[in-house]
Amino acid sequence: MNDAHILTTEGLGKDFLGFTAVDDVTLKVRRGTIHALIGPNGAGKTTVFNLLTKVHQPSRGTMTYDGRDITRAKPAQIARMGMVRSFQISAVFPHMTALENVRVSLQRKLGTSFHFWRSEASLRVLDERAMELLRMVGLDRYATTEVAEMAYGRKRALEIATTLAQEPKLMLMDEPTQGMGREDVARITALIREVAKSRTVLMVEHNLGVVAELCDRITVLQRGAILTEGSYAEVSADPRVREAYMGSAA
Amino acid sequence: MSAAQGHAREIGGADAAERIAEIHIADLHAYYGESHALHGIDMTVHRGELVTLLGRNGAGRSTTLRAIVGLIGRRTGSIRLKGEEVIARPPHAIAHLGVGYCPEERGIFASLSVEENLMLPPVVAGGGMAVAEIYEMFPNLAERRRSPGTRLSGGEQQMLAMARILRTGADVLLLDEITEGLAPVIVEKLAEVLGVLKARGYTIVLVEQNFRFAAAMADRHFIMDHGHVAEVVEAAELEAKAHVFEEYLSV
Amino acid sequence: MLTDLLGFPPQVLFGQLLLGLINGAFYAVLSLGLAVIFGLLNIVNFAHGALYMLGAFTAWGLAQFLGLNYWVALFAAPVIVGAFGMGLERFLLRRLAGVDHLYGLLLTFGLALVIEGVFIKLFGASGQPYPTPAALTGGINLGFMFLPWYRGWVVVASLIACGATWYIFERTKLGAYLRAGTENPKLLQAFGVNVPLLTTLAYGYGVGLAAFAGVLAAPITQVSPLMGSNLIIVVFAVVVIGGMGSIMGAVVTGLAMGLIEGLTKVFWPEASATVIFLVMAIVLVLRPAGLFGRVA
Amino acid sequence: EISDGKVKIGLLTDMSGTYSDLAGPGAVAAAEMAIEDAGAMAAGMPVELVTADHQNKADIAANKAREWGEAEQVDAFAELVTTSTAMAVYEIAKQQNKVVLVSGAASSPLTNDACIPSGIHYTYSTTALANGTGKAVVAEGGDSWYFLTADYAFGQALEADVTKVVEAAGGQVLGSIRHPFPASDFSSFVLQAQGSGAKVIGLANAGADTTNAIKAANEFGLVAGGQSIAALLMFITDVHALGLETAQGIQLTTGFYWDMDDETRAWSERFMERTGKMPSMVQAGVYSSVAFYLKAIEATGSDDTDTVMEWMRDRPIDDFFAKGGTIRSDGRMVHDMYLARVKSPGESSGPWDYYEILRTIPGEEAYGTLEDSTCPTK
Amino acid sequence: MMTTKLGYAAALILLLIAPVFVYPVLLMKFLCFALFASAFNLILGFGGLLSFGHAAFFGGAAYVTGHAIKVWGLPVELGILTGAAAAGVLGLAAGMLAIRRQGIYFAMITLALAQMAYFLFISAPFTGGENGLQGVPRGHLLGMIDLQDNMAMYYFTLAVFLAAFWLIARTVHSPFGQVLRAIRDNEPRAVSLGYDTDRYKLQAFVLSATLAGLAGGLKTVVFQLASLTDAHWHMSGEVVLMTLLGGVGTIAGPAVGAGIIVALQNTLASGPLSAWVPVVLGVIFVICVLSFRRGVIGELQALIRRSF
């Protein structure tokens, strides 16, 4: 099979009690690219993510990741295979400090996660790397703050840091810049470009600015099905896309 | 008849020329448990105005809105809505002054269908939108009306959160990041809606990240930083005060 | 024939099923009250058994001291106890708004201990007699068993109560408020609904149902301080099997459990107190949120 | 000589549970009366009473007894309603060699396999209940039985004893049903009893279970249908709770009834003044047992267990409770029992006038002979 | 931090000299429940799962230990370990059924399983039904020290308690403990980070059950008796109360809570208030739920945090 693609789906489909949220989606994500999934609200973007990360089981179709069929794999399995997602609504551990959040994400690789007799101190080796990641997203100042008290935008940034800690081969980002102020958006955009050098990113994003700036390839979904695909220039030129999604923007 | 006019009669037929302070906030402090989120906010919004609260993440914009509708346990200072002091009132009493709130986290009810969600908020004044009107504005909702509220997509939930307060006839709208996660087409439509509402004499406070969206129609911008109102910028002086935006929003 | 198959005449079985249904009616009303309360207050109301007992005692007291008869008590007791419940909610439970519902459970557990303890001191543990209302004494011979009129009445009364409650919750605006209040009371209140009042009423109503069941039970069992404490965790099981906070679930499961228990009493009497928990375990393993419950 | 300068009696009972009416605070009052009547002195030394609520739980009883014995120099344990608590305390008393005056517990094993040298089973026993009610009922033609049995030690013991008696008397047992303890609703069990076609339905349970069973039986026209109920263990407090309307006609065996002669009336009136209730046989038994124990100390001038036990064994108890009662070497206190019938509302002259004593059952007949006892130390 | 260290030191000294002033058996009862509550807190306070069936492990182990020592004639220490192991196995079985459920449903399924275990204990012959398993010999520790002597028994109990307590504290502050916290905070996220959360929760549950069993076995030896009380759902409720009273999710809290309850029951059970025990306990419940929900230790910590 084609190794240029890290992720491919064939005729992927999902119905919710008769309602078809995703319909015959055949997606090919090239290694080392930033691939965007855009489309009107309710087009099925998040659902596609949910299918890829096993939140839902697909009604139809197959998925292949890194040469392996993952149509029936388990959520945790997928994650360990290096395909990690960030959520549309911020997903952090509110009652832990920012540092601990990242450390939990790093910890799994130590392989001591079941060791209840070992001291916490054995995790200190991870702190350095954790701080590094926090710095990347500009949260190093908040390392010791309890996350519950951070504003929404910072929680999103932190979430990306924890995702990065997984050293994912493929990052699924659902609206990474949602709820962020300008300067945060700028930082995150830069960050994504940074991390994308060594890996592949598949993102859902409504901020066309970000999409235009980052993405090599864009798939437009509408009513669950693929409307068109191509570079930003191509896609944004497409009248159907303008009509269905972009409007006068872009 | 617009809710605004009806209201004018309520408070002693004040004549239209005189500008009535719909929202008047003085030295407002708000706390989340131990942490002190608002450090003395002062702001006045007149009837029929559309103002924005701008600022970095964590500046305290959402908290300001929450404080106005009474969702924050500990708050001090003064909040006058339509001339009435509400700092000590319970949330439900405040809402009945004609206040509609669209929360940042959307707050769609999972155990209610989309339609039930839409019909949930009690009508607090005349002149609310008809359900048909709303469905026409947000076709997705009409399509999914029977399914449980939280089964909606992120954006659809956002639409629902906005739509349900348009029904209640509230003429003071507090909207927290309503364009968040919405497709550009929808955002444009929302802009139109706000335009209409403004024309109808609604008073609107908008918390926004999307400056382009906000700048277009706002009469005034309150720029918040660390729980204060750092600057107030009139629509007229946007260019003049561009540096302010640079400073606080890096726009 | 059947007799040899069962080891006893089939009519015994009919009898047991009918009795099961009657007990089921009690479970239904009680668990309904619990479901209502859990729904809005997110509180597992451990005091439910004690309040059920209060209902019975109120009926007894009304007869004893005011000479009021059963029919008056049937309406008066739920109102009185319901009011008492609202007091509890207003002055104690309300303080727990927003905290983990484990605390509600513990608080009501404490209340139950207090109420029952006090009544034991006041009226002794072995309880008081309460006569069957004259109109319902005697019974009818159904051929396979002798059915006291009163037991028949219990079923009717319970089903009426359940039906009414179901309608309110699933078919009215008030019901929508109650369900929304379950999820996000603060926001609902910000929309202009008087949630605190709503909550107090809901608790009062749930408690009223318990008291109603208590009055129904008074002529059947001794009116004794501990009459509820033995019942309460069975009723919990019923609510859980039905699905926490599900009105429909509480009623249907209540009746079903009554039947199952009835059968067990024939085939394996010692286990009749345990069978419900077996069912509960199985159901929860197969359907995480109970039979009618919504998965959160 | 008196150990550590005082005589201390530890009374363990159910202060707040199902049995708190027939024992509980009333039993404490009875013990206090006994001590006061002895002038709070025995052999010139002060007498103290300590009490505790064992909540009908074996372990709580055991812990308390152990603590009292080891840390508070208690010399004797009294009351002990429910067999399980009595047995638990027997274990401790055996280790510590302390006197036990059991009044509330009923099971016959206390004077058989489970007996201890320093234990006295004072007031009644399942055997006596069986011999009393069982024999009488069969004699009146109630020769086919069906049991409603509480599914625990006491219930089973009672059922077993009655079965022996009934079969010995030429009656037969058609079957029995074991109901969980405690059970809230008895209708289903009553219905099965009805189905059994037995003439007599024997209730081998106690307290709330008995009263509820009787109510259900009435409701479902069991008696009307020609069957009769034999409440094998029923206390006057239960009758009081049920009301004569429901309880009338039931036959039962009791170790004491307040309204038998001047002595019983005199004491019971005093008890009534103190507690507002007439005494149950358990409460009267507590008074009698404690009084007798103190008498023994007074006489022997010692609170040494063996000395006291020995004195008590070779002397008759003669008080309002046990006329000519004697304590056997297996710990059984043998005294007359009474077969009673519950009066109808018409017959009753007012509150607490509940029993008509049908006959007196001589001690031997009620408790059997020492030979039958399987107590190893007898 | 400093204050906690000092606190523990003081507590330890207190425990070492206590039997001189207080009736040792009472102290041992306290230790057993302190251990039970701490074990319970492991799953409630740190696993975020309210188990309403822990009595099954406590009581089950009590019976097994009693049986092992009395009937099979195992030496004390082995008997106790057997009990704990049995509880562990029971915990594994229960856990596998229950662990996928959350919140109140988890509480209820554990309750259901416990009720069935209870039924087993009532009807099975080896438990002695209502009378319980009585006259369990304390025997000799390592075949030498006679545990019939209360002092010897006390220090043995104390040693076991301290060991187990240390293990619990360590578990909480271990890599495993971290993951547990994360799961309690936001399970879906933990899954998306590659953690098979059910397995972590299950391990925590089994650990908790085993230690609860250890407490149960110990109690049997101390009182030489295993009874239905230990397995009754009231016991499950009591341990919740202890934990809550002392402070859910604090290390020392449950032990403190246990201390308070045991002391209370003991002082109330005898004397004038004895008929009021349920009422008094009830009132305490109400008061502590209403006015200091963080529990004794929790409130103390808050106090310290505020004052620094």
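Letters A, B, C, D and E name the chains as they come in the text, with residue numbers starting at 1 for each one.
Note that in this section contacts are C-beta pairs under 8 Å (C-beta built on N, C-alpha and C of every residue); 3 or more make two chains touch, one makes a residue touch a chain.
Everything numeric here is computed off the predicted structure, so don't read it as measured data.
**Student:** Using the touch definition up top, find the fewest steps from chain A to chain B.
**Tutor:** 1
**Student:** From chain A, how many touching-chain steps at minimum until you land on chain E?
**Tutor:** 1
**Student:** Between D-E and B-C, which chain pair is linked by more C-beta pairs in contact?
**Tutor:** Of the two interfaces, D-E and B-C, more C-beta pairs touch across D-E.
**Student:** If I average the CA coordinates per chain, which chain comes out farthest from chain C?
**Tutor:** A
**Student:** What chain is the most remote from chain B, judged by the mean position of CA atoms in each chain?
**Tutor:** Checked the centroid distances; the maximum from chain B is D.
**Student:** How far is the middle of chain B from the middle of chain E, if each middle is the mean of its Cα atoms, in Å?
**Tutor:** That pair's centroid distance is 52 Å.
**Student:** State, to the nearest whole Å, the distance from the C-alpha centre of chain A to the C-alpha centre of chain D.
**Tutor:** 76
**Student:** Give, as an integer number of Å, the spacing between the C-alpha centres of chain D and chain C.
**Tutor:** Measuring from centre to centre gives 36 Å for this pair.
**Student:** Send over the residues of chain C in touch with two or more other chains.
**Tutor:** Only 117, 120, 270, 273-274, 296 qualify.
**Student:** Which residues belonging to chain A are in contact with no fewer than two other chains?
**Tutor:** none
**Student:** Give me the residue numbers in chain E that touch at least two other chains, ranges are fine.
**Tutor:** 275-278
**Student:** Go ahead and list every pair of chains that touch.
**Tutor:** So, checking each combination of chains, I get A-B, A-E, B-C, C-D, C-E, D-E as the touching pairs.
**Student:** Give every residue of chain C touching chain B within the complex, in rising order.
**Tutor:** On the chain C side, the touching residues are 173, 176-177, 179-180, 182-184, 186-196, 294, 296.
**Student:** Taking the touch rule as given, give the residues of chain B at its contact with chain C in the complex, in rising order.
**Tutor:** On the chain B side, the touching residues are 69-71, 90-92, 94-96, 101, 103, 107, 109-112, 116, 119-122, 124, 165, 168.
**Student:** Residue numbers of chain D touching chain E in their complex, please.
**Tutor:** Chain D reaches chain E through residues 15-16, 20, 24-25, 50-53, 55, 57-60, 62-64, 66-67, 70-71, 82-84, 87-88, 91, 151-154.
**Student:** Inside the complex, what are the residues of chain A that reach chain B?
**Tutor:** Touching chain B: residues 16-17, 19, 39-43, 45-47, 88-89, 149-154, 175, 178-184, 186, 206, 208, 244-250 of chain A.
**Student:** Once bound in the complex, which stretches of chain D touch chain C?
**Tutor:** Listed in rising order, the residues of chain D that touch chain C are 16-22, 24, 151, 177-180, 182-185, 187-189, 191-192, 194-195, 207-208, 211-212, 215-216, 219-221, 225, 237-238, 240-243, 245-246.
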